[in-house]
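Both of the next two complexes hold chain A, though its partner changes from chain B to chain C.
After this line comes the complex of A and B, so read on.
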């Protein structure tokens, strides 16, 4: 492989990684920071993609207003899902809330998946992206993927600022570090978690909107995508938002670089093997709540 | 009542053996005669029920006695289905093919157990879910063997009666194994590990060994069930054989009533078969939602447990 095509692959890998990172960062807000496992993340993402496509197809919303409105609506949905389904069980389970959260969100994922496939059928091709590609020297850069990457960095920056420099962000971190201590000094576990869940679902919707402009979306994509994002978070270490960002970019790059010698199918398989191997090698990487969100 | 300082033989005396024997006998009679009375539909329904009972009780070894959230049960179902189909396609008889499937399941479970026992809780659940995804990808990637995403078709079943009888024997054997395992040393070790893994190790239980054995014991019946199902429907594809359903249905059946007992998963299996049959005939598009609702109920219930 010559240098030019290698660079091109590297570029496409990074740009693909942008999407992975976007899925992972949204999930990391709940899972990495609060330890609340949300297996319905991908289902929300897919639903947002389909909704955008349907509304866009009807000509009701332009790309810009769609990209602003749908994440807001989905944040509301996430908040509602938390309040209705998760709030009471998690409060009751106090310490060991991972297993109930896993089961309940998996159930939610199925209901959302079936709802999506009932309304929209099997699979829908991606919408035409409103952004054209760029030519930079001899390299070719898809405009929407570049936009994903830039937006991704911007969103991570905003989230990191929120976590480190605002009161509600500090409450979230306090809860992540010591739930009992935080509750003692007056942080409302329920309210803060609901906000985190809502923001996380909103981010899933943003990722879904981009996903539908980049790839083909099917209703059954949700769970595999969630799993990939979870692996990214696990492997890159929880407790921070910058790490899943880097992890997502790395995964996209590895997957793209492995594709030409192995074929796309085997590259995908090999990344799963690598992630599983890492998981078994460093299982403790998962729930070590390093108090490192923003601390240096 | 059973108290903590009883010996195993004292503990065993509390178990109502008669009731279980009568139940098993009744089940056997029912199952042997129903197809004759009820025709093809009854046969399929009973095979499904028996396979579900096998899957639920073998799941219970890891999901109930050991108390892990285990999503890799479908890996062994798919493995069994593929090995049996490949062997049958090369002209082997059903018993030989099933033996091959069981042997392979044993070795794969023993191998996978090595890294998996290091994991606990949700990490274990995630890793096993990843294995399921891996299994499905391998089955569709190794297309020269497995026919890829299009799957494998088998020649028509030469002796449906044999398939039926083996399914019945497998279900009965799994029930008896579970029944015995619960009060065996290994079963009690597993329950101890479930209650407190660190404590169990501190009183001298080799938790890693117990967990590996549990994985192996749970893998073999479900691999055989996979093989028998593949023979029954004469068809196997990656998305179905390694589908999430074969991991989730056992979890639901096991957790629905009382995990860690023999009657709980048994009843769960009968209930889920009936519920699925009802959904299929009345609201065919709401099958996943049924799973979803049951999962939410089970998760909520689990949180309620002290």
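After this line comes the complex of A and C, so read on.
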């Protein structure tokens, strides 16, 4: 491989990582911070993609208003889904959100997938990006991918600031660290987790809007995307909302750079091997410092 | 009993039996022609074939409005009675329902489910119980290499799926090389294997043939390879989501061959790409303007079933299956399965997509025509007797559009 090809691959890999990170960041908010694994995350993303294509196709909204309005609507949907489906079971579970959330959101994922398939009745949604590619010498930088990366940097920063510098963010982290203790000091489990779920669903919608312009979405793509996001969270480590960005960039670059020498099939297989290796030997993630164990 | 009395008794019995014969025949006349099928109303194929339940119904309703189909043996027209189930896009479910269609519902004729894997499973039921089975959208050779006697398929085998395109390329003698990008699933790989041979036979140099996973998101590595090798034709053998993602990235990275060929380029391909889909070649079973059989009847059935041809470009194959079923029953004049199957195997008729007959293994002759998207419309560009427009070659570079 010559230097020019390597550079183009590296650029493409990094830019691909941006969209991977965008898919993962919403899930990281729920799972990484709160311990609530939302398996319907990808299904919300797909639904947002189909909604955008439909609205865009009918000429009801321009790209900018669509990109602002749809995530807001999906945040509302997320809030509603939480209040209707998750609130009571999670209250009963009190400490361990994982198992009930897993079952409920898996059911929700199937309902959303079949609903999307039924309403749209077509196998694929996708739109052409409104941004043209930037040419830099012999290299091409797709405008929409660059925008995703820049936006992802901004989203990560804003979310991290929210978690660490605002009252509602602190309440969320308190709940994540010790649900019973946090509830005893007055943190509302229902309100805080509902807000987190709504923000997470809104982020899934943002990812869906970009995903549909970069690639295509089909009704049954939701669960594979959720698994990819989960992989990024496992590799990069939970607890921080800037880590999915690093994990996403790493995954995108590794996938793209490994494809030419190994073949695309092996690049995917290697990804799964890496996931298993991380789960076995470094479950806390790549970018989390291990607690030092001193000898007494 | 004396001899004359015995003779009288035998002769008398003979005449009595003759008198009773029509009554017996009458008792054997079925009340309807029962046609069975499964449609993937749910599951992964639902978006590709779900509405075809309406198409089947529209066909049956239309035939029944005319009083049904005339069968000579019963000297009357019999109505069509459809029995359909949702196979949930699952091979095991399809197999179970075809077993039920034969053993419980007592169908006389079966239409196959969507896709080769489902047809592979479902056709074992018809073979076991010896009921004629018309496969429609299932052209993997694996389905027909099992020596089954009770199956015919409307369309030609997957390796020949684009043979008319290569005929055109050879006849035009403009393109010299080709690069293949292939989705690693049964049908696209089958088409690729056949197309690669056909391309070589047409005198083209195959510069690359890369098989990629179906869920490939980033095509940068193969696009860079193609830019370096610079083939005249970039041939994408895949399902639509794969092809759309590839074309988007080809545009983003300025890959400009002289021709893009995406084997499936229906409305679901064209709409997301918009003007970027222009000049792309693909394959069509039928487009308005073709004159075979009765296009008005087909368009009327599509209208009744509320199906858009651009979104469901394989719907003409269903129409051809209806035409084959009607012709076979008309010529056989009976619902006797052996006679019906034998008639079907010997059938030679002109359907909506052209002449059809079946090889010994059941594979049919209907094949696709190369069609090009020109200003958002599909135009058949080869052969001349069927073409609705001229082939535009080379494709303008992205910067010049």
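The rule is short, and it goes like this: the second predicted complex is superposed on the first by the 280 of 296 C-alpha atoms of A that agree within 3 Å, B and C clash if a C-alpha of one lies under 4 Å from a C-alpha of the other, contacts with A are read in each partner's own complex, and residues count from 1 in each chain.
To be clear about the criterion, a residue touches a chain if its C-beta (ideal position, glycine included) is under 8 Å from a C-beta of that chain, and two chains touch if they have at least 3 such contacts.
Model, not experiment: these values are computed from the prediction.
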Review point. Between chain B (first) and chain C (second), which does A:252 come into contact with in this model arrangement: first, second, both, or neither?
Key: second
Review point. Regarding the shared-chain residue A:92, is it in contact with chain B (first), chain C (second), both, or neither?
Key: first
Exercise for review: Classify the contacts of A:109 with the two partner chains as first (chain B alone), second (chain C alone), both, or neither.
Suggested key: first
Check your understanding: If you stack the two complexes on chain A, which partner ends up touching A:216: first (chain B), second (chain C), both, or neither?
Key -> second
Practice item. Could you tell me if A:231 is touching chain B, chain C, both of them or neither one (first, second, both, neither)? Key: first
Practice item. Go through chain A and flag every residue that touches chain B in one model and chain C in the other. Key: 114, 118, 224, 265, 268
Study note, to complete from the structure: So, in the complex, the side of chain B touching chain A is made of residues 69, 115-116, 118-123, 125-127, 129-131, 133-134, 137-138, 140-141, 244, 248, 255, 285-289, 291-300, 302-304
Review point. Which bits of chain A are touching chain B when the two form their complex?
Key: 37, 85, 88-90, 92-93, 97-104, 106-111, 113-115, 118, 223-224, 227, 230-231, 234, 265-266, 268-269, 272-273, 275-277, 279-281, 283, 286-287
Point to revise | Partner chain C, residues of chain A touching it in the complex | key: 5, 8-9, 12-13, 16, 53, 57, 114, 117-118, 120-129, 133, 135, 140, 142, 145, 214-216, 218-220, 224, 252, 255-256, 259-260, 264-265, 268
Review point. Quick one: in the complex, what on chain C touches chain A?
Key: 42, 44, 46-48, 50-51, 184, 210, 212-213, 215-218, 220-221, 224-225, 228, 240-241, 244-245, 248-249, 251-254, 268, 271-274, 276, 311
